[in-house]
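Submitted below is the structure of interest, expressed as structure tokens.
When the chains are written out, they are named A, B, C, D and E in that same order, and each has its own residue count from 1.
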Amino acid sequence: MHANQLPSRSPGRLKFTDDGATAAAPSALAALARGAGFFGFWLLLARPGTDAPSTPDLAADLVVGLLAAAAATWVSLRLLPPARKGLHFGALARFAVHFIRQSMVAGVDVARRAFDPRLPLNPGYLAYPVRLAPGTGRAAFGAVTSLMPGTLPVGTAADGALIYHCLDVDQPVAAGLARDEALLARVRGNGGGCR
Amino acid sequence: MSLALDLFTIVAVTLGAIFFLAGTVGLLRFPDTLTRLHALTKADNLGLGLVVLGLLPQTTAPFGWIGLIAVWLLALLSGATVGQLLAEAVRPPEWDQTRTPAASPDVPPNAPEASSHD
Amino acid sequence: MSGTTLFGLCAAALVGLGLYGLICQPGALRKILAFNLIGSGVFLLFGVIAQRGGGVLALAGTGRDGDPVPQALVITGLVVAFAATAIAVTLLVRLAETSARGTLEGDEPPPPAPSGERRP
Amino acid sequence: MTAFLLGAAAFILGTVALGLVRILRGPGNADRMLAAQLLGTGGVAALLLLGVATGVGAVSEVGLLLALLAAFGSVAFVTGAGRSSDASAADSAADTQGATRSEPE
Amino acid sequence: MTSALVVDTALVLLVLGLALWITAARAAYGAAVGFVAYGLLLTIVWVRLAAVDVAMTEAALGSGLTGLLLLGAAARLAPYEAAEYQRRPGLGLRVLVGVLCAALAAGLAAVVLLLPDPAPSQALAVAAHLPATGLGNPVTGVLMAYRAVDTLLESVVLVPALIGVWSLSTEMAWGGRPGFLTPWRSGSALPLLARVLPPFGILVGIHLVWAGADDPGGKFQGAAVLAAMWILVMVAGLREPPRVSDRLMRFLLVIGPLCFIGIGAAGIRLAGAFLAYPEAYAKPLILAIEVGLTISVTAVLGLLLAGPPAPEPQYQRQSRRRS
């Protein structure tokens, strides 16, 4: 009865404690990494010590920060269970560079078309059969490609392919999508998806 | 040095403002909702990114830098979500029936097979 | 003319506009929207008074500007306005579901029921 | 520099204000939502500029808050659109069609 | 200074234009969309008025949550709307009302222009006594100490508001789950957002509450952000709203006002007046109340949006229809 967009999850209420011992070690590691990240975000929000230099104030700041980070980590683990395989950080860095460069290209491309008096648009649709497993990986792919030049995911076709709206169907859109997908799959440990 | 940084700020913020203008122009000139959605999500996020980039030299602490970048990342996430959500809401109906879409003569239905040689 | 005065005039216009909508718009949801407009105009007036009241702080040399008392009142006001809007909206939805109409006038026969599947 | 940053904020506000013409013209409610969304991103940019220009750090924090909740309007929009299945025939065809559609499985 | 005036003028014109649209638009849905944009603009106006605390409240409550409420209602009421437009009063009456409202606005404008100069203000009094509370943010000081009765009544009044919303359920639906937030189950974008964003929202919300003692922010702003995250998770269909009969949730709903009243009553013995704090413990006591209020206000705001309980079968039928 629930959405089949995310078949890798149990429907409705998420339960992920049934993974058993195999998932225990990576998830503990993931929890630690996320907790550290959230605490870093807290530090950057609160900037402890910048205007309240006294020691008890600083200690209170840090304690509240730890509590907040713990709460955020707990919610994050429940909403987004860590993938069985860890992320590859080298691939992530490469992906980030690619993403930033391509999103700049996307902005310039749209701006060029908008300012051009002839309005050079050739919009159309394209079905792209994604190889990433359904779930967070595919959702991330949709989010990333919605910021890539000339593509915007508008839905899922009957056969499971992602449907893209393209600003200009003469561009090699599918090749670009395939490159994004390959890079993203490598970030998630080559297997593709979060199964 | 400070002059160079100020110049950098002026250039980046101006470029960012131009991309905001592009987003607006696209929103007004593009012919249908989906193409307008492209203009909105892509031009705006680049515009905000450039404004953030331009403001970096004007904020002193490293905290300020990361804070600005965090704002940009949050805006990126919402931009991506908004684009897809609104696209899903206005998606033309023919997609629900067709399996292999006849998109355009220029793109063969199996175009994604190009991915196999990646 | 200073920016603060400008916002004060804007607040006055908002109250007027909202009142017009409250009286002349027949739909109850439009009346709720108009009521929120009036509310935001009044809050803005408070904000203008707070901003003007902050002048003494600037004279005294303390950094923060703006009189905190009206500002605090506006914050409480915003939360209560939200709760009131929530109640009004829920009432309206219930009214529409039970009587198949979206106005408060009850002397005419209701318009034909919508085709959708809705709880009787 | 302060004058330039304020001017840039005014310019960005002005451009997104131009986008508000979409709220008037529509034609669909999705187009109106686009204009509101544009205002959100532009508002974040303007607040960041104002925050740096006036030196009040908390202003940038308001920008962070806006960025955090930027998608909320559109979330509200699609949940509303998903609910008004057979409604709002007055608006553009594309809108209502999109609204009634459910995912083929 | 002139560029600041340009910003202000642009803002005022935009606000007035949007208000005009909200009043005059043909369809309620379009007007509600306009209201979302209007809230965003007001946020910037509050920043320009040097009221950052209010700007934060407006950003979270005025634009985000109210937008969700109004858009949802507009969508639900759209089928009944077509007939309403015909019931507008006649042209003559509209002109008369317009003239009278313009007169009212002109009167208010005159009041604004004739405000006394220098402006009367309690800012100095607040600033003089603020150290006694141990707080650094004067707005929080006013909310929690000088005008604590207002804040207490406000936090109490939220609970009857929620009871009012719940009481609009049908009898057979009582005790069930609130039914307004039918999840949007198309596509993967919303679930992704609802999985990634809430931890950051929680950090920002707690930060606003904690920092609100000394810097702009506070419990209402923080609670609005937390409630927004909760609603996001519910709208994405990741969690269902709790049953209105849930005892733990009912306890959380009232814990804030109970804390407030309890500590306030203790003040009669310890400091000589209801809601007075003994000076040495003022800050910790205020923080305790703030934590309780944050929990309660978050729960109330989220549940106000979730609406009255709906009959269980309908809830399931709707989610089946969506998927």
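Everything below uses one rule, namely that contacts are C-beta pairs under 8 Å (C-beta built on N, C-alpha and C of every residue); 3 or more make two chains touch, one makes a residue touch a chain.
Because the structure is a prediction, the values reported are computed rather than measured.
Annotation of chain A and chain D: jointly contacted by B, E, touch as defined at the top. Among the other chains, the CA centroid farthest from that of chain A is the one of C.
Contact counts per chain pair peak at C-E.
Chain D has its Cα centroid nearest to the centroid of all protein Cα atoms in the structure. On a Cα centroid basis, the chain most remote from chain B in this structure is C. Distance between chain A and chain E, defined via averaged C-alpha coordinates, is recorded as 30 Å.
Work out the mean CA point of chain C and of chain D, and you get 20 Å between them. Centre-to-centre separation between chain B and chain D, using Cα means, comes to 14 Å. Multi-chain contact residues, meaning those touching two or more other chains, occur in chain A at positions 3-5, 41, 45, 142-143, 146, 153, 155-156, 158. Along chain B, residues 23, 32, 37, 45, 47, 67, 70, 74, 77-81, 83-85, 88, 91, 96 each make contact with two or more other chains. Multi-chain contact residues, meaning those touching two or more other chains, occur in chain C at positions 114, 116.
In the complex of the two chains, the chain B residues touching chain D come out as 6, 9-10, 13-14, 16-17, 20-21, 23-24, 27-28, 32-33, 36-37, 40, 44-45, 47-48, 51-52, 55, 58-59, 64, 67-68, 70-72, 74-75, 77-79, 81-82, 85-86, 88-93, 96.
Looking at the complex, you find that chain E touches chain A at residues 185-189, 191-192, 194-196, 198-200, 202-204, 206-207, 210-211, 214-215, 233, 237-240, 316, 319-320, 322-323. Contact residues on chain E toward chain D in their complex (touch as defined above): 3-4, 6-7, 10-11, 13-14, 17-18, 21, 26-27, 29-30, 33-34, 36-37, 40-41, 43-44, 47-48, 52, 55-56, 59-60, 63-64, 67-68, 71-72, 74-76, 78-79, 82, 181-187, 190, 193, 197, 200-201, 204, 215-217, 221, 225, 228, 232, 235, 321-323. On chain A, the positions that touch chain E within their shared complex are 1-6, 12-14, 34, 38, 41-42, 45-46, 51-52, 61, 64, 67-69, 71-73, 75-76, 79-80, 134, 136, 138-140, 142-143, 146, 153, 155-156. Those residues of chain A lying in contact with chain B across their complex are 41, 43-45, 47, 50, 103-104, 106-111, 113-115, 119, 121-129, 131, 142-144, 146-147, 149-150, 152-155, 157-159, 161, 163, 165, 167, 169-170, 172-175, 177-179, 181-182.
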